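Could you have a look at this structure, given as structure tokens, before my questions?
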């Protein structure tokens, strides 16, 4: 469902990864590994179409990609339900009945975003993924500030709801989500110091 | 798109949304002018159209940097960029929300403040119409400016520097329409030209704004 | 070979090196000849006396103040469409030159205006338009300075330049609508009737040529500096990564 071919991407005009290729079949996930700064976030943003690649192709069904990072777009002055309802409306989807239970937010439904703890906010941010009905998820450290119980909640949703329905996920994470997913170490793709495609290249 | 508009309006009206600040600023500026230029009714009545227009322009400027900065910081803008909502539509909705929370209240409050400045009685209708036609352009131009400076920390001052020159035509036609109305002349020409600017801004600037947002999200 | 290859930074540095001293020399020659001719070897105007001679600074500066913006607009379009770095940097390099020409036009205008209209400054449409142009230049330069990443800055300033151009034209008409003004008609026009007489016209042409050449020379020099700055940046970035 997701094909990545010979993808090179840059951060701030400097190439960070070159020649990344992989594919993910429907119902599968892939875990990105690598030390800090190797370019996991850059790769995910490029895959999601937020920044153009230097070279290479990314292919997945149109209008099916969704990106999520630690900045999960929660409005502090809106309640939990209003936050989710907004993203559902933007995506033209209905708010699923069980979504609040799935992410253990039912008791918080009328609390303002600003009064949530970091972990609760994170759960709300992840619940957005269950609302918007997109098939291809690009997740950047989805479990930051989650406790073990919440990590389990999220992993269960990912496995039993999203992937089971034929979705795809590319996940950059340092912890073990307990998914039966292949891992891709990005270290070998690290761009050499003289890699092509930097924005300053014409000046050398 | 309506969802984005409703959310922005809801955020503006909730605590900390800053609704009403622009209006209060408008009031204060207009009240300060007579302290600066003296209390003669005749002088005030003559400069009232210009003051009301300049003050509403400054009040609209005040809340511009909120249009995108908060969404940029909390990541909503990246999420919107990957949503089915076209950026152009988002830009237009943002401008519309800004107008409803700033331009519209300013327009409605302006006649009351015109009274304070002894605006000529014939001019009230034109004041209302010119602000109604002109403030949407101020919001749309301001939205473009806000998109340009969204990635810059403490971009507020730069935003003013970029946006104020762009406000010149709207200000000229707006104040001119009210002045002509006050002098008993026909202000239709100025009003038509201003309506043209507003229509042109809403037709073209959403594209420029969306392009600039995409560049800033890279 | 396509003409665009001259826009490669390395080639640009190559061909501008010999051109630069010549353009400065020619600019100096034209300005010296034009100004001396204009100041000392033309008759006084029957109405304006010797004050008219400031025309040899005022008109070329005003002309180039506008042309510099047009050049920035063209360069911005080239950057947006073809992504030639030199184009973006040339637009950046031209802006401060344009500001200075605008200021020269405003100041010489004021000096000329005082004996003619009895005031250094009036809210005349032409004067006001130049003041607005000055503000546009300031905003453009400030935006370049405010953004760290050079390519992002080039993109954003290009969009600003395009939108600004539309609003600059709108402002021009708005200002005409707003005040009819004191300023005399254009000194140069294709309509021979309106033109100034040949005695003033030829030295003026030489001065205009001088200002054009000076503009070209300054923009080339400043673009070369910008290219060098980018090259240093690029080399430092490589050195850090190696």
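Read from first to last, the chains carry the letters A, B and C; within each, the first residue is number 1.
Note that a contact is a pair of C-beta atoms (placed from the backbone, for glycine too) under 8 Å apart; a residue touches a chain by one contact, two chains touch by 3 or more.
Quick caveat: nothing in here was measured; it's all calculated off a predicted structure.
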Chain contact graph, described as a line, ring, star, complete graph or other shape: complete
Furthest chain, CA centroid comparison against subunit A: C
Centrality ranking, top chain (CA atoms only): B
Centre-to-centre distance between subunit B and subunit A (centres being mean Cα positions), rounded to whole Å: 37
Rounded Å distance, subunit A centre to subunit C centre (Cα mean): 49
Subunit B-subunit C separation of Cα centroids, rounded to whole Å: 32
Subunit A: positions in contact with at least two other chains: none
Residues of subunit B whose C-beta touches two or more other chains: 218
Complex interface listing, subunit A residues touching subunit B: 45, 48-52, 63, 65-78, 82, 86-87, 89-92, 128, 132
Complex contacts: residues of subunit B adjacent to subunit C: 144, 148-149, 151-152, 155, 158, 161-162, 164-166, 168-169, 172-173, 176, 189-190, 193, 197, 204-205, 208, 211-212, 215-216, 218
Residues of subunit A touching subunit C in the complex: 12-14, 193-194, 198-204
Of all residues in subunit B, those that touch subunit A in their complex: 2-4, 7, 10-11, 14-17, 71, 73-76, 78-85, 217-218
List of subunit C residues in touch with subunit B within their complex: 132, 135-136, 138-139, 142-143, 146-147, 152, 155-156, 159-160, 162-164, 166-167, 170-171, 173-175, 177-178
